[in-house]
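Once you scroll down, you'll see the structures, which are given as structure tokens.
Shared between the two complexes below is chain A, which pairs with chain B and chain C, respectively.
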Partner chain A sequence: MALLEVRGLKKNFTGKNETLHAVKGIDFTIEEGECLGLVGESGCGKSTTANMTARLLKESEGDIFFLGKRINGGKRLCAAGKEMQMVFQNPADSFNPHYSVLECVMQGARYYKLYSKSELKERAMEWIKYVGLKESYLEKKIGELSGGECQRTAIARALICNPALIICDEATSALDVSVQAQVVELIRKLKEEKKVSFLFITHDLALTSSVCDRIAVMYSGRIVEMGETKAILQHPMHPYTQLLLSCVLPAVGDDEYRVPECSSFRGAGDGCDFYEFCPKICTQCKDRVPDLQEREGRMTACFQRGDPDE
Partner chain B sequence: MKRKKTEEISFYILIGLIVILLLAALLAPVLAPNDPFKTELTLALIKPDKEFPLGTDPLGRCVLSRILYGARVSIFSSLCIIGIVFFIGTAIGVTAGYLGGAVDMVLTKIITIMQAFPKFILAIAIAGVLGIGIKNTILALCLVEWAEYARISRNLSRGVKQRTYIKAAKVCGESRLQIMFHHVLPNVLPTLVVNASLGISSMIMEVAALSYLGVGVKSPMSEWGAMMNIGKDYLQTETRLVIIPGIAIFVVSVLFNLFGDKLRDILDR
Partner chain C sequence: MLRVKKLCISYEGIPIVKDAEFEVKEKEIIGIVGESGCGKSTLLQSLLMLEKKAVIDSGEVIFRDRRLGDLSEEEIRCIRGNEIAVVFQNAALSMDPMKTIGNLFYETVRMHSRITKKECEKRAKDLMKKVRLADVDRIWKSYPFELSGGMCQRIAIAAAMMNQPRLILADEPTSALDVTAQAQVVALMQYLREEFGTSMIVVSHNMGVIAQLADKIAVMYSGNIVEWGTAGEVLHSPGHPYTKALINAIPRMDGSIPKGIAGRPPEFSEKRTGCPFAPRCGKRTAVCSGRPEKIFLSEEHWIACRHMDKI
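For the complex of A and B:
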């Protein structure tokens, strides 16, 4: 059985005049020790999915199974428990500014009452060391730390409960490239040594290749393509994934490079959300939403499901 | 750096002055040269001399002794009101702001209704209905003042609620009550404390104003506003009867205002 199973998850935000369909029914699973990357442009519903999975946001429809138990459906939102932890995008803001580094890390396990007081402190110190922070940092206030150090503290806080799954919601987006690499390295180490699973949410495709085993590409609230990271990055099948990959700016200056036209169009009609921008549009695209179907070892939601070179 | 030090020194000087003031009020029975409640018509309206350093009032009571005793009522009743409204207002505001939804809607409506009344007129009406006396004055002012603190703490709490560390606390398994106590309250408290320290001076004036209007303290209890009320009939002949308690109110208000200002500067750093 999968560690995390998400089935038909939907989220609608109802405003005064209109309803925004932020997540339109997505399914995915994460196995033990696996890292699934959820990628897509801003506003495609990645963070909404993360928040629903972590039980910070109530879903409109769908089921979430974690460790074989359904964790949604209750009257009130309730944390999934010590087995599921989360690392947030803004590292400095994810801690109470009055707390010291030690208190921040201890916060992770204090309320689950896993350890005695002295044991809790010991464990916190162990994890602080594990994530690469010096012992002199213990009493420092969180405001005195750099972004990377804050994110390491956040990871230590998540780890103190020995979680089975850590949701990283754009955990590296606010960090500079060298610090990003350090955090990614730490996540890889955790995967290998502690067999922790990750739901890694990012808009940075390059990052997914170094951490994720599989990736799911989201567009306008739906997963449009899901499969092995390497296969998707090298041979994207869905026209949106192809477009997303071509949007990555070249590292070395290229005068020929042109930014492809792309926008977070949210189709309210019956057809595929992407058909207005799709270069491979066919007759069915306007009338029906393509299902996520398996082809060549991956899931794709496109009628064409064409070869990338087509 | 030098400015920071100067600020700190002036803050400690202010604290020192406030401590002296509070001690003077507390030690009034020791410091007062005469009995402040003893009326002796033969000693009425005596000019300041050795026995009565600030003279006597129309009933022959020592003005200096009454000022010292009055400090107890004015300062401690104001501190008491601020303490009560701070506690109630913060509790209601944080609950409304953090819980949101129907709880917030109901509590905010009550706060809005309370704030729609002209505060001082309502206080006069409540004190008038409840009867003269310091307890009723405190109660009347508490009833009209809590809404302001509730409004401020509610707005601050709503801001804190959006912060990522509240989400993180939820993931860490903290209950709503724990989040309110451990994360919301400590982060809204500094602003509320500054507001409360600035509110002490206006509270001293409100207590004095109620007493001046005759709905505050009961005679023969000494209170600065009540002293001004007695003095107003002798404004042209014995100006000191109004000026002395006026100066007392002014000095204490300025001291607490400066204290609040400095506290804000220090907490803002």
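For the complex of A and C:
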């Protein structure tokens, strides 16, 4: 059985007059040692999915199986436990500013009462070294660190619990490219040496190519395409993935880019969410929501059966 | 049109930008790239004295034969928004949330010219249609928070264009946006240059945006411009070791692994002598402790590095 299995996950935010369907039913699995990238634009529901998976947010419908057990349904949130850790976008905000680096990392394990006092400190120092921070950093306050160093500390805090899965919610988005590349190196090292799985959430498509084994593209609360990273980036099948890839501005090289007319969110309604903006609509698109179906080794939610790249 | 000569800027007494030199010609887009804290925003903002704490220590900024340092606050205000317009990173935050987009346009124009509200509305709506904003009448009555980030940014740029400025200063205009909205904003800025011949200085850490927009690129590191040249020269045959490292750190679609730069930039409060990049540079030798000199690789392409022979 897969390490993590998410089935039919939905989230509705109910307001006074209307209900917002943020996540409209998604399924995915993560195998041991695998990194799944969840990509999409702001407002497509990727962070909501991450928060539900980590049990920080109560789902409206659906099931989450982790390490062979169903972890949702109970009254208490935060039940995912030490095996599933999270790294957030803004590293400095997720720490207590009065704590030193060492205390921050120890705090991660303290909650679960994993180690004795002396062992805890030893482990914390070990992990701080592993993520590439020098010993002189142990007593520094979080405010004295740069963004990249903060993010390393956050990863060390997650690692001290020996997690099987780390959820990174835009963990590198606030960093400069040179620092981002360092964090990417660290994630790759963890995957290889410690066999940690990742759910890697990002809006940067180019980044997924060097980090993720598989990616799932989200649009308006649904996964529209899921499969091997390389296959999707080189030959996107779903019209939305094609559009998203075509508007990435290339830094080097003469690739053309396209200027889209598109919105990343559509409320509840009949038919495919991408219907209004899709260049390849057919008669069914307006009335029915396409299912995520396997085709040529990947999952696509589109009625079109023709050549994808045309 | 705009010439910056030996500009040194300090922020609360700490020197930030050192000896910045560049020139903006008519219809030209200049891109300034660099990582957070390298002084690129400080440089841009001090051109118009937008930040009170950033003080110009020496050097001069000459805009169409006028030295900006000699002008009074009143005269600067006349140039600001009229001849030189500014677009910020988070457009939605730079707009008054209590005012509709219509009011925003009216206010921008009225500062500098006498105009009736009707006339302003007509001009603004024409402009918005030109920049392909749909549903102009709804936008006119909306508040900033009712619009998406990409839309706000495009409106901010349209508002900046209302007085037909000669130069636009854009500080990270696309950094808060999704890729789709980024492409829209970049296309809009290209269109404005073609249509109105507006020059621009665009500051960004996104190399993709700069590659698509800029004619000339300045690479900044720790307050110094370390490389200057045409976009093709800087991106395809970079000379400075820092530029090379920066380009290698950009994630690519082809699955190649981006390479980080070890270490971190020096603090501005530390006393700096010699090349600021030397501690992180792979080609460092003893000569790097001396002041880096400008070496011209071609007519307009220069680097501030001592290692000409190894490049």
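Following the convention adopted for this analysis, the second predicted complex is superposed on the first by the 299 of 310 C-alpha atoms of A that agree within 3 Å, B and C clash if a C-alpha of one lies under 4 Å from a C-alpha of the other, contacts with A are read in each partner's own complex, and residues count from 1 in each chain.
Keep this in mind: contacts are C-beta pairs under 8 Å (C-beta built on N, C-alpha and C of every residue); 3 or more make two chains touch, one makes a residue touch a chain.
Keep in mind that what you see is a predicted model, and the values were worked out from it rather than measured.
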I'd like to know which partner A:E185 touches here: chain B for first, chain C for second, both or neither. second
Taking the superposition on A as described, I'd like to know which of chain B and chain C A:D176 touches: first, second, both or neither. second
Of chain B and chain C, which one touches more of chain A's residues? C
I'd like to know which partner A:L20 touches here: chain B for first, chain C for second, both or neither. neither
Would you sort A:L233 into first (chain B), second (chain C), both or neither based on which partner it touches? second
Going by the contact rule set out at the top, does A:H203 touch chain B (first), chain C (second), both, or neither? second
After the superposition on A, what does A:E41 contact: first (chain B), second (chain C), both or neither? second
Listed in rising order, chain A residues that touch chain B in their complex are 51, 54-56, 77, 79, 81-82, 84-86, 88-90, 93-98, 107-108, 110-112, 154, 157
Touching residues (chain side chain B, partner chain A) in the complex: 163-165, 167-175, 178, 182-183, 186-187
Within their complex, state which residues of chain C touch chain A. 35-36, 134, 148-149, 178-180, 182-184, 186-187, 205-212, 235-236, 245-262, 264
Chain C partner, complex, touching residues on chain A are 41-42, 146-149, 176-185, 188, 203-207, 209-210, 229-230, 233, 243-245, 247-252, 257-264
